[in-house]
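Heads up, the next two complexes both have chain A, just with different partners, chain B and then chain C.
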Partner chain A sequence: MRLLIIASIVLFNTFGLTAQGKFSTKTGNITFEASVPSFEEVKAVNGDVGAILNTDTGEFVALALIKGFRFKVALMEEHFNENYMESTEHPKAVFKGKMDNFNPDVLTEKVIRVQLPGTITIRGISQSRVIPVGLSKVDGKIKITGSFMLNPEDFDIKIPSIVRNKIAESVDVFVEFNLRGE
Partner chain B sequence: MKKIWLLISLMLPLMLCAQDELLNELEESLSTDTAVRAAFKGLKVVNFESTKLAHKNSLVFIVSHRFGTVKNGFDDFFGLDEAVTQLKFIYGFTDWLNAGIARSSFQKTYGAHLKYRILQQNTTGNPITLVGYNLLTVNTALDEDGFADFKFTDRLSYTSQLIVSHKASERLTVMIAPTYLHENLATRSFVMLPDETLLEFDEENDQFAVGVGGRYKLTKRWSVNVDYGIHLNRNKNSVYNDPLSIGVDLETGGHVFQMHFTNAQPMFENGFISQGSGDWGEGDFYFGFNLSRIF
Partner chain C sequence: MKKRTVIVLVSLFVITVIVGYSYLYKDHRDISEEEAVEVLTAVRISERFTNGNSKLLLNNVVTVSGVVTEIEGNSLVLDQLVSCSFSELPELNLHEIIVVKGRCVGYDELFELVKLDQCLILK
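Then we have the complex of A and B:
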């Protein structure tokens, strides 16, 4: 009997997974900036960020490839990958989170602010964060925007003293996802 | 109570799995950049060109020095008084096509080159980066009066090179560079006999060489670099030696400093391949550096 209960729960869960409503994108945007006034701009954009929102559970994941970040100065991009992010060894940045009491039906064009707790993983190091995000629904697409700060040393990114004054201590990150129903 | 825990522990992997499953979906859909980049820090290994090119629209300015031989010690401060200087500008028209101009004080030589990437090493099957390099040099120090029937074209030398590199790991990159060299006026060796008769030995106009070398990164910003040029048809009486160079690279953002010891003082390919006059075995070699600034 016990086995039957467990089996039915397992099965139920599996069905639950397959019947989810999913919204996703492959062209999400992450911009970060660590510029210091009067020095060269340290800013990069990745326009190929993947993200999926499960509208039944409020679960949200996003994945950015480190090599997908584009800088104005190609040399800066090369050093970002080789010296700072070591993108051959750690090619991905990942966010996994879950919004509590998420209800897609209340979304309109008007932006509502919600908290998105989750884990950011960069260079294999995970950090728990609560990201404040804006949610809205425009033309059938769910739009998620947010901005937050990251500290390079939290992810063991070492900035040598010779460039220390040209790179900001904390990095401003802006994200935008326009998720389309699957 | 026990049952509840059992249930939770059974469901927990499923709950966790939900996010990971979403993540897996994402990973499958994203296309990765497979190019293997940053095989070298500098555009040169030491003397030989590396497979690195200047990026699109970037201008690289390189100041290079090869001092005189270190063997005279304090007489000329280990060669400091005998410096040969080369100034070079390189522009990236695209990420795969560079052109450069340079002037070296060795034989008052001007040079112009093209460098172009043909193949890029990647993680999905191509193990090498292949780069082509063509250099034309004009030796303006040649004195017309020393030759009968001297033509301007006698000042010209042509170097054509294929450079193959393989980045074996984040630290180690190796390269090999088959080289064809044509000197309109071939390099001449003078040998003085004991009775003071002077013999002349000319190289072939067409010369062949193979450059081998590599770099090993010690830290993110420091590396050890070595290159060696093997001349394949140098004449037996030549006074010149194959160029062997060893040095370090230091990259500091926009600059790359390359400091080294080498037994060749010229810096153009035709120069250091055919006219390296130092001899490591006799403690006769030169200190030098290449300093590059990227704009």
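Then we have the complex of A and C:
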């Protein structure tokens, strides 16, 4: 009987561990804004971003489809896709990174700040960045939030001089992922 | 003569403003009004992307049928192959067979999913 209990505990724990390994979402959120005061708001939201966190290694990867970014102004969305991002040739933006000494067991509802170094790839151009992110665990889901700035020139995005003063030099990016265990 | 010139100039100005405004602030596409370019099953549309035969689908309205295999937030997955996002997801059950119309956004290699947005359920 004792053996059975021990065996079931061991078995249960192993299953528990394998289930812990991967947290993911298909509905992560990325918002960016490059507005200039007193001009039309330049802001877009993509609520369909896929992301996976490996809780054993701290590795994190996110993928957003460029065509999934929605603007308030339809023409802005069109120009963003056709002229600036060329989203048919370069359909996605990807982030790959790894948190050092990641430990999922210390996560609580209280947000902790950690550094997430990694590579951002947009329009096929990769840039190394360290993203400061907030980590917490709410209702069994791991929540990752972060904000950072990107420069369009770093990804060879050319903004025509005619609209140059209506679009901010650097773009503010906000991300939020509520990752659930698989 | 002078009065006529003024009228012509003013009406030209008004027309330019109206045309310019309607160009700058044209409406977003209405996916529910648009005709689907293709009607396919979840398996078929996924094959189109893995075969690299997706040019005609990208950014176009498609109708996709399949079994609901996952529901998360305002989106659902058909046959574990196609992710469909809604502005508001209607009441649905897993394993239901449904037909969805939406805009084809592209292919997510991370989850190996075709992505549709602005979806609505046809049946």
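To be clear about the criterion, the second predicted complex is superposed on the first by the 162 of 182 C-alpha atoms of A that agree within 3 Å, B and C clash if a C-alpha of one lies under 4 Å from a C-alpha of the other, contacts with A are read in each partner's own complex, and residues count from 1 in each chain.
The criterion applied here is as follows: a residue touches a chain if its C-beta (ideal position, glycine included) is under 8 Å from a C-beta of that chain, and two chains touch if they have at least 3 such contacts.
Treat the numbers as computed from the prediction; the structure is a model and nothing was measured.
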Quiz item: Clash or fit: what happens to chain B and chain C when chain A is overlaid?
Solution: clash
Self-check item: First (chain B), second (chain C), both or neither touched by A:50
Solution: both
Quiz item: Touching A:59 in the superposition: chain B (first), chain C (second), both, neither?
Solution: first
Practice problem: Answer with first, second, both or neither: which of chain B and chain C does A:27 touch in the superposed model? | Solution: second
Practice problem: In the overlay, answer first, second, both or neither for which of chain B and chain C A:151 touches. | Solution: neither
Practice problem: Using the superposition on chain A described above, determine whether A:91 touches chain B (first), chain C (second), both, or neither. | Solution: both
Quiz item: Among the partners chain B and chain C, which is in contact with a greater number of residues of chain A?
Solution: B
Practice problem: Quick one: classify A:83 as touching chain B (first), chain C (second), both or neither. | Solution: first
Quiz item: Between chain B (first) and chain C (second), which does A:127 come into contact with in this model arrangement: first, second, both, or neither?
Solution: neither
Practice problem: May I ask you to decide whether A:170 touches chain B, chain C, both, or neither, giving the answer as first, second, both or neither? | Solution: neither
Practice problem: Tell me which partner A:108 touches in the superposition: chain B (first), chain C (second), both or neither. | Solution: neither
Quiz item: Which parts of chain A are in contact with chain B and also with chain C?
Solution: 24, 26, 48, 50-52, 61-63, 65, 67-68, 73-75, 81, 88, 91
Quiz prompt | chain C - residues contacting chain A, complex | solution = 23-29, 58-59, 72-75, 77, 83, 85, 105-111, 113, 115, 117
Quiz item: Okay, in this complex, where on chain A does chain C touch?
Solution: 24-27, 47-48, 50-52, 61-63, 65-68, 70, 73-75, 77, 81, 88, 91-92, 180
Quiz item: How about chain B: which of its residues touch chain A in the complex?
Solution: 3, 6-7, 10-11, 14, 17-23, 25-27, 29-33, 36-38, 55-56, 58, 95, 170, 220-221, 251-254, 294
Quiz item: Mind pulling up the chain A residues that touch chain B in the complex?
Solution: 2, 6, 9-10, 13-14, 17, 22, 24, 26, 48, 50-52, 54, 57, 59, 61-63, 65, 67-68, 73-75, 78-79, 81-83, 86, 88-89, 91, 94, 96, 98, 160, 162-163, 166
